[in-house]
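Common to both upcoming complexes is subunit A, partnered first by subunit B, then by subunit C.
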Partner chain A sequence: MLGVLASIIDGVLVGLVYGLAAMGLTLIWGVMDVINLTHGTMIVAGMFGLYGLASAVGAPPYLALPPVLIGGFLAGVLLYWVAVHRMVGRPPLMSLLSTFSINLMLIGLGTSIWGTALFNVEVALPGFSLGRYTFPGAHILAAVLAALIAASLYLFLQRSRLGKAVRAVANNREAAELVGIPTTRVLAITVGCGVAIAGVAGMLIGTLFPFTILSGDSYQLKSFVVTALGGFGNPVGALFAGIALGVLEGAVTPFVPVSWTLVIEFALFVLVLVVFPGGIFAARRGAL
Partner chain B sequence: MKRLYLLAAAAAATAFAATSALAEDTITVGFTASLTGPLNVDSAGQQRGYEFWRDEVNAAGGIKVGGKSYKVKFVTYDDQSVGGRVQQLYTRLINQDKANFLFSPYSSGLTAPATVITEQYGKIMIDSGGAEEKPFETGNKYLFMVITSASHYLSGAIDALKKYDPHAKLALVYSDDPFSKAVLAAAAQQAKAAGLEVVMDESYSPSTTDFGPIVNKIVSSNADAFLGGGHYSDGATLARQMHDQKANMKWISILVAPADDKFAELGPAALGVTVPSQWELQVNFKPQFGPTTAQFAKAFMDKMHAKADYHAASGYTVGVVLQHAIEQAGSIETDKVAAALNATDITTFFGRVKFATDPGHHGLQAAHQMVLAQWQMVNGKLGRQVVWPEEAKSAPIMFPIKQQ
Partner chain C sequence: MAETLLSVEGLETGYGEVQVLWGVSLKAGRGELTAIVGANGAGKTTTMRAIAGTITPWRGHITFGDEDVTRLSTHDKAARGFALVPEGRQLFSKMTVAENLELGAFSKRAARQYAQRRDEVFALFPRLAERQRQVAGTLSGGEQQMVAIARGLMSGPSILIIDELSLGLAPVVVYQLFQTLKKLKEGGLSILLVEQNVHLALAVSDYAYVIAEGRLFTEGAPQKLATMPEIRKAYLGL
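And then the complex of A and B:
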């Protein structure tokens, strides 16, 4: 029984990080109906940022957080101008294709530089034990940081002037424009925030597991599932859906053969979509 | 004007003669490599092995057949680590590029679809990257494997465990792909035959990212020895999470991932991990044909600027075996070379190579033996040492694994 509890706690810890990663995807979707297919690669970029700072320079791993956040923001703004700006308001397939092609270029570039070799960042933090089960310190700290960043994003959207502008643009871009909000700038900032969050989530994941240039795919898939469960365009929903997914993985594993975990996960996913087509935490339009 | 035509005709004739002379004196070998996609690291090692062989042979004047010398020419494509691409590309290699012989892509998952094409066209393919047995049990005539096949991958680990801890409780946890499943299915039977208890036997999806709950399940099963893994990042992640979650395994054998030098990135989590290996730098066979291990390792380092690993060594061996068979056959005709391959029994620095000839297993490797390598601390640095079999070991085995 202790094993089940341990797996559930583990699920909450990792789920918070999944949730944070998905917040980056869902934020962009919610504001401008653009699915950012470079999401997984931006997560990996965060991992490599961490690796560069922690392993090559020798800085403590968590000091990589501010540079990854800022670098991610700038990369996001650039991505907006290169691949998203002219696609906003056009059929979603257009932005899907443009971000998809940017993604292929980034992956190709990364593969030619680093190959698909393995990278690992050692984090030596004391963990916490429950009987024979151990929760590594890095998992606990990653979960706490993910929760803090998610809370900051929430406060930013709810309280700050710029955050309110983001929500206004999400709600009705024309009306926002009419009351004097520079919507293009707001959209660029939103993509910047979304990518920065993906990068930071990647950096946190990088403290937990080894990674390669191609690791982004599985996290991107997870982010899609989490986004759909949480309600498209609902960052808070995404965070809770992330936790739910982590807990589900943790709770199912002890009872069924491991290979069934994904089957159960996706079966429930389909079920949820049938019952709540907008996700469990369905986005009321403009609930952002 | 007439003269001009004549000149053009003469030029064309010369050009034709030149190309046909060129075609006569080269052997075209085709293969695909995974330049992109998840198999890139291992595939690149194998490809370097192939290329190193080609360069060596050509520098020595080519392959000698009945007084004539053939230079080796490669035609390669990027298969993107995708099985579907492999079939298109091997068809192209045979029909368009007129490859005389083929080498395998990397991994069982890509070799099996390539085999369908090479057999269909009756072309010889020598395999160094796909260890799964299935393609050899379907009556193929032109497929040959130089490496030890999947069902023997963990025999050494089981033997070592039987010796050091006959009461070991085994957790078999492996990727849900054809190669890993074949390896672990055989290991489960061998463990049973050796009287070892298997307390967990499960596969995971290759896209698994977090092994936390799986490691907890291993702990719950009371296992103290771990055998499993799959191809690359999954194996490394398992090693790291077993270490981080203090699973306290006395024995860990993981497929493929720890055979790469980058595994040292894991630091303390790599310590004590064993990996079945087709070949290691410490292995010392007396070659009848080709270089010794030391010569190979040094020349490889000088030319390719990379440390030789088992993918490079097996890739090189594929070339050596083909060369030997062509020279024995005294011909580059497929059937004659295939007959020579059937009769091959040679020892190179990679070990002994001999192919099964019974129709139920034709082409399967029948003589090569694997070693078990363990990550140990040598002069304060992590490195692989051969620890099994006893007669080939370069360092004493570390059992149980001491966590640091």
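And then the complex of A and C:
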């Protein structure tokens, strides 16, 4: 019994990081109806940012957070101008194709540099023991950092002038222009934030699990599941849905082979889409 | 007529291949209430959109003060003192009344005077003070129009441009809103009003333009227009 409880607690910890990753996807989705298919690769970029700074340079792993955050933001702004700007307001297929192509280029580039070998970043942190079970320190710290970043994003959107402008653009772009908001700049900043969050989430995941240049796909799909659960374009919903997904993973892992977790997750994804096409928390408070 | 604040000359524009305006010219005087009236589909809203910059003029010029603003973006025009209260209100429907007002004062200049302007706006529309925390999309139509006007006023505009003030509202609400417009004008605000309700528009305006089929049909003092047989027949139902 305690074993299941421990799995569930660990699921909450990892789920917070999944939730954070999905917030990056759902933020862009909610503000401009663009599905960023480079999302998984940006998560991987965060992982390799961590690897580069921690393993290659020898810096403490968590010092990678600020550079990954800033680098992710700049990459996101660049992504906006290259692949998103002229697709906003067009049929969704256009931005799907443009971000998909960029994604293939990035993966090709990454594969030629790093190959597809498995990378691992050692994090030496004392764990927290509960009876026979020990929660790894990396899981706890990753969860705390994910929660802090998610809370900062929430406060940014709810309280700051720029954050309110982001919500205004999401709500009604023409009205936002009318009150004097430079909406194009706001969209670029939003993609910057979304990618920065994906990168940081990737960096945190990199402290938990080994990764390859191709790991992005499965995390991107997890983000889709979380986004569907949490309501499309609802960052707060995404965080809670991330926790739900983590708990589900934690709860089934003791009973089924690991390879089944993805099957269960995507069965859930399909189920949610069929039953709640707009996502479970779609219209709740906290939606963009 | 007062000194010209906003001047539109030979404006032509439309949507895609379809030309809607065929050379509209008009002027709005400083401190005056200028009305544009006309039937549905005459091009009134298109004129407003071109003035505010949400669609691009094909030909013609728009001058504001001494500056040619024809090709400025909407948010640049807002920064220069344009406030458009659009047709259908276009509120930030998922945000609260207070947030809508705050966004109305988005420019740095307006943000500094936020508290003072908010108090002025609440004095004008006491109902909004009670509804501050309410999500704008849940308000009644009349209250939403109040928010739209209040949001426009929060920027401290040089000219308030209102598109279809009375659309879809109950007569008693429309009457109150027109009283508010009069008050604002007496306070020195320049207003450009597009209105389907020709009776009301002529009753409050200092000068009026009649648009028909994308062209200027006639213009003049409202008292004069109200006596013209073709206006009486076409728009006043007399």
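Keep this in mind: the second predicted complex is superposed on the first by the 262 of 288 C-alpha atoms of A that agree within 3 Å, B and C clash if a C-alpha of one lies under 4 Å from a C-alpha of the other, contacts with A are read in each partner's own complex, and residues count from 1 in each chain.
By definition in this document, a residue touches a chain if its C-beta (ideal position, glycine included) is under 8 Å from a C-beta of that chain, and two chains touch if they have at least 3 such contacts.
Remember, it's a predicted structure, so these values are computed and weren't measured experimentally.
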Superposed partners subunit B and subunit C on subunit A - clash or fit: fit
Contacts of A:Phe211 with subunit B and subunit C, given as first, second, both or neither: first
Touching partner for A:Pro136 - first (subunit B), second (subunit C), both, neither: first
Subunit B versus subunit C as contact partner of A:Arg161, first or second or both or neither: second
Which superposed partner A:Asn171 touches (first subunit B, second subunit C, both, neither): second
Subunit B versus subunit C as contact partner of A:Gly58, first or second or both or neither: neither
Overlay on shared chain A, then closest C-alpha pair between subunit B and subunit C (Å): 37
Doubly contacted subunit A residues - partners subunit C and subunit B: none
Residues of subunit A touching subunit C in the complex: 161, 164-165, 167-168, 171-172, 174-183, 287-288
Of all residues in subunit C, those that touch subunit A in their complex: 52-54, 73-75, 78-79, 83-84, 86, 90-95, 99, 102-104, 106-107, 110-111, 151, 155
Residue numbers on subunit A that touch subunit B, as the complex places them: 3, 6-7, 10-11, 14, 107-108, 111, 115-120, 122, 127, 129, 132-136, 138-139, 208-212, 214-215, 217-219, 221-222, 246, 249-250, 253-254, 257-259, 261-262
Complex contact set, residues of subunit B against subunit A: 35-41, 44, 173, 176, 202-205, 207-210, 212-214, 216-217, 219-220, 232-233, 236-237, 240-241, 244-246, 257, 260, 262-263, 265-268
